[in-house]
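Chain nomenclature is as follows: A, B, C and D, assigned in order of appearance, with residue numbering initiated at 1 for each chain independently.
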Amino acid sequence: MISNDDIGPETRLELYRLQIEIRDCEKRAYDLFLQNLIKGTSHLSLGQEAIAAGFGVAMKKGDKSFCTYRGHAHTLARGVPMEGVLGELMLRDIGLMRGKGGSMHLTSVEHGVMGSYAIIGAHLCIACGSAWRAQYLGDKDVTVCFFGDGTTNIGAFHEALNFAVIWKLPVVFVCENNLYMEYTPISEVTAVPHPAADRASAYGLPRILIDGNDADIVYRTAQEAIEKARTGGGPSLIECLTYRHSGHSRADPGKYRPPGELEKWMERDPIKIYKQRLKEFGVTEEQMKTLDEASMRKVEDATALCKASPSAPEELLTADVYADGGWAWRN
Amino acid sequence: MAELSYRDAVIRGISQEMERDKNVVFLGEDIAKAGGVFKATVGLYEKFGTLRVRDTPISEQAILGAAMGAAMTGLRPIAEIMFSDFAAVCFDFIANEMPKLAYMTNGQVSCPLVIRTGNGAGVRFGAQHSQSIENWTMMIPGLKVVAPSSPVDVVGLMAAAIRDNNPVMFHEHKALYSTKGEVPDGEILDTLGTAKILRPGKDCTILALAMMVHRALDAAEILAREHGIDAEVVDVRSLVPLDTQTILASIAKTGHLFTVEENPRLLGWGAEIASIVADEAFWDLDGPIVRITTPHIPLPAADHLEDLALPNAPRIVERIVRTLNGSRG
Amino acid sequence: MAELSYRDAVIRGISQEMERDKNVVFLGEDIAKAGGVFKATVGLYEKFGTLRVRDTPISEQAILGAAMGAAMTGLRPIAEIMFSDFAAVCFDFIANEMPKLAYMTNGQVSCPLVIRTGNGAGVRFGAQHSQSIENWTMMIPGLKVVAPSSPVDVVGLMAAAIRDNNPVMFHEHKALYSTKGEVPDGEILDTLGTAKILRPGKDCTILALAMMVHRALDAAEILAREHGIDAEVVDVRSLVPLDTQTILASIAKTGHLFTVEENPRLLGWGAEIASIVADEAFWDLDGPIVRITTPHIPLPAADHLEDLALPNAPRIVERIVRTLNGSRG
Amino acid sequence: MISNDDIGPETRLELYRLQIEIRDCEKRAYDLFLQNLIKGTSHLSLGQEAIAAGFGVAMKKGDKSFCTYRGHAHTLARGVPMEGVLGELMLRDIGLMRGKGGSMHLTSVEHGVMGSYAIIGAHLCIACGSAWRAQYLGDKDVTVCFFGDGTTNIGAFHEALNFAVIWKLPVVFVCENNLYMEYTPISEVTAVPHPAADRASAYGLPRILIDGNDADIVYRTAQEAIEKARTGGGPSLIECLTYRHSGHSRADPGKYRPPGELEKWMERDPIKIYKQRLKEFGVTEEQMKTLDEASMRKVEDATALCKASPSAPEELLTADVYADGGWAWRN
């Protein structure tokens, strides 16, 4: 059993709890669309839980998250109740946006989740704006923006990184490199081996490349970058190496993967790694089991609530097009 | 004569043209090895090889820029923009570069290319993956714009678009990919700028596009069966060039115009046609021109709300009956 | 009461709002130290300082993204897109992000910001720097769209746009920057969504926007003087929200509608209004609805060709006289 | 007098001739709009002649140029007659596009000038397409794309560079760093000191930063990059340090410049540098004088032709909207 623990038992159990809950919730999402209870699309973070969890724990109340369509994990990691997430996937009234946004646009302002964006690139620029506001008003919150490897090849990535640096904005850009865009390997369409890390220097930023499947490493890196941003040190760009266990979306069986690749990464499953880690720090099987069971209960309760939830009333169709709540484009 | 899905018709149309002209090349995201996210390009990579069917990064501006530069210098590229909503990230090429090139250079350069894209709603993808942007492209001088409603039209209009010497926006409807239809064997070549009368009628003219064509036809059946109204249904097919002859002739006959549009209300494609008819066919009209569109809102993800937003047969019927009853004409 | 140029009215409007609300910030290319390429922001940097008036890189997506993110979290940004043509390089933010945000989040977030841009032709800048894109923005659900024609409207509508809680496209007309008009002293606050009858008349209604308003007024004078036609000229001012009450009331009175549009023909803003009138005011119409627009072409650089392309008083007069004579109504 | 000359006397005189002709033609353009004979806008390359000349001489017939609104120099450098350029600036019938395009869109396909583009960024992507065509058809021509420092901060730059590298396209990207976008110093809005050179590594490209005011250096660098592209070695990104002597456009007096900056750069005027260079290689004042006079004669003749030229016939208004020569959007 290792001593001198820089992270500490509470934090570690929190990192474990979040990873487990994300894992269980994503698995449930998968089951639900096999049961045809999730219409539309859905993008799981199975295998990438350590990143959402590591940042979720490192972020403080008031900090802002900007996510992608693959944002269930990052939303849950900010403390959003599962029924809000699963309910939105199921397009029910109980969902975070009562079914109006759908799985790709999860938003919970009260938890600092400032939206999930489904058109690649834009939200990196939008995150700059949130950070600019904090800088201008002297607010102390930090903005964290999550995106994938494929996103580094679109123009908005370049504009956002340059902009954040020259204005020294309190924003952290987190690239989850899971090796693929939808079906195409990132290596086939990118001029450098590490799509984010190898480009940091183009913005005068240090190269940060970490193991995204080790929640401790993610947590430490997140803390550092967030602290830097909070204290006026400006933005960071972090590339986290990871892998998605499932397909890109519900529609994707993942046939394009070379044989053995998934198996290799299963060895590096973040949950597996973290269970081992907890053992090393003296956490017992029983302690873990308690958290595992609590997580499953949450999933079951959330599922029940969602299944019981009606779909939203029809009046919502034309609500909130404008900030006055309505949709009137004429008098 | 074989039954083909709309999806397979895309493959058939592209194949036909790539076979006859080696200057036809095809690029886009996940279109080659993976066969496209809508599986509408399956087999092309295997058939035409890595030099003619190329996967790209997530770089829509580079995709359209590359297509344009290649078209200017001798190739006939087909570029896929996966979802039509993404036209907004490369709109500079669609609105400012490709369509103005021939004019600005006084005809020195032309831009023979096709942008094919998955347009439209009905699949619960929400506000950023369900838009009908045919009107975004119709309003740009120098572009041509088509939106087929059936497999046979997909093949023929695809061939015509690829052979055309101008930039052509080819709107495929996401929700139609799995629909089937008869497609004759052998080469198929259709003509841009031609509308099709799918159901002749004498009491009113219904103009529709893409997925709305099927709903207009359903509505016409109900109108005939339950209301004794004999509606003429015209599949506009091509917004630019626009077949105003067929449209004006139909109105001269029926005296009543209805449009069924999936795009949101303001400046939907029917607005232009309504304005043309209210000018050139004013004295042929026996009653108001009525546009039946998606309300002027972003699209919701929830199935029941999305269904509520898009025009459907009952709503079309109700509007037409109410209008024709109200007409003193 | 002082005479102010349209250009100085922009400065006055922004100043007025930045003085009353410190959450109003302003960013864009060359807008701060240099005072803007059209000199329409001179002095703001000196007055409000480096934190509130900021020069940016040539990164239109970052400019609008930053404005949006700041608006979502508490500020009221004004973003300049230098020439309206450049809206195409950041159209994802204008069409897909800003206007859909409130809806997609079920009202959790709003986006109170203004995008001001130099729109329109008349300065011999050619096809990529002269477009009238008011229709590009009118067609997007969730946006508001204004296009003032006079200095006093610039000040009042700018104030209204900045105080509005939605994304507002503010189209300033390049060719009007140097024009002058009387502007009252003190705070000026106008209302979005209101048209203005600039010249009452009984024989026909002419709707116009921005620079075309002045040409419509010139035409109305000629119509009265030389043809005994008493035209009512309405400055639409705001495309979204649209003041359909004022428009429909005018047509109920005159029975004839003409639009004068600088945007190219297909799906120009007048098409929507024509379609509304052809539906809701059909029985008020005594003759065809006629749209007088720039032809559906990219704009040429050459002065005589550009002048030929844009609607002008003689062309407006000719079209109206021909139409009214031809009307049996 | 220096011997062992890698460039050679003919080429040197050609580099001189082009620089002088561009200088004289640009000066004449300036005079013409002072006389109000040039309507619309106009962007001069005074002070940047060495870049257009160096590449112009290094490029072979059939190679393709993609230019910006600041493209008079690059167009002349491909051998386009002055009356075609000045005539277009004056929007006369004799202009390259008969006045339809204007000064920002100079195009002469027969000379390989595939257009001048006025919206920042796009033409870098378009140049990729031209190079892709050459690669696909096995054509041996190379595409050269010119742009400014400010252009490196827009998304299309990033997309084009990555795209060109992964497809190994025969294209050369030439960044003319004249220290300013329109009025804003590039250093105030860019995260790295050298907007292009410091970003080459983000695309796996070597860092190339050269003196853009020395035509010999530009010529040598151009030859190398073009040769590399022609022989299948893929793209290059070259940053040329230079300075524009005049304002951004006819509207700009250039007030934003720190005192002494222009003077300092006048010392490094490419023409001045090159006259000195020719002397060192034994070219006589007389030889130069002959070329100077020939250049002025060209300018005078071109000016006379342009002044005598009518404006284009009105039928052109609706010509060439579509490839069939017409504008019919309906039947």
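As a convention for this text, a residue touches a chain if its C-beta (ideal position, glycine included) is under 8 Å from a C-beta of that chain, and two chains touch if they have at least 3 such contacts.
Since the structure is predicted, the reported quantities are computational estimates derived from the model, not experimental observations.
**Student:** Does C-D or A-C have more contacting C-beta pairs?
**Tutor:** Higher contact count goes to A-C.
**Student:** Counting only C-alpha atoms to place each centre, which chain is farthest from chain D?
**Tutor:** Relative to chain D, the chain with the farthest C-alpha centre is A.
**Student:** Any idea how many Å lie between the Cα centroids of chain B and chain C?
**Tutor:** The computed centroid separation for chain B versus chain C comes out at 30 Å.
**Student:** Cα centroid separation between chain C and chain D, in whole Å?
**Tutor:** Here the centre of chain D sits 36 Å away from the centre of chain C.
**Student:** Just the number, please: Cα centre separation of chain A and chain D in whole Å.
**Tutor:** Going by mean C-alpha positions, chain A sits 46 Å from chain D.
**Student:** Roughly how far is chain A from chain C, centre to centre by C-alpha average, rounded to an integer in Å?
**Tutor:** Measuring from centre to centre gives 40 Å for this pair.
**Student:** When you check chain A against every other chain, which residues touch at least two of them?
**Tutor:** Residues 98, 100-101, 105, 117, 119, 121-122, 153-156, 159, 162, 166, 188-190, 316, 321, 327, 329 of chain A touch two or more partner chains.
**Student:** Which residues does chain B have that touch at least 2 chains other than itself?
**Tutor:** As it turns out, chain B has residues touching two or more other chains at 56-57, 59-61, 85-86, 88-89, 92, 96, 103-104, 126-128, 141-142, 240, 265-266, 296-298, 300.
**Student:** Taking the complex as given, what residues does chain D use to touch chain A?
**Tutor:** These residues of chain D touch chain A: 121, 153-159, 161-162, 165-166, 188-192, 198-199, 201-205.
**Student:** Would you pull the chain A residues touching chain B in the complex into a rising list?
**Tutor:** For chain A paired with chain B, touching residues are 39-41, 91, 98-105, 117-122, 150-151, 153-156, 181-184, 188-190, 251, 256, 311-312, 314, 316-318, 321, 327, 329.
**Student:** For chain C, which residues are in contact with chain B within the complex?
**Tutor:** So the residues of chain C in touch with chain B come to 85-86, 88-89, 91-92, 94-96, 99-100, 103-104, 126-128, 135-136, 138-139, 141-142, 240, 263-272, 274-275, 277-280, 282-283, 285, 287-291, 296-298, 300, 328.
**Student:** Name, in rising order, each residue of chain A that touches chain C in their complex.
**Tutor:** Chain A residues touching chain C: 64, 66, 96-98, 100-101, 105, 107-109, 114-115, 117, 119, 121-134, 136-137, 143, 155-156, 159-160, 162-163, 166-167, 316, 319-325, 327-331.
**Student:** Which residues, counting only chain B, touch chain A once they are in their complex?
**Tutor:** 29-30, 33-34, 37, 55-61, 85-86, 88-89, 123-129, 265-266, 295-298, 300-305, 308-309
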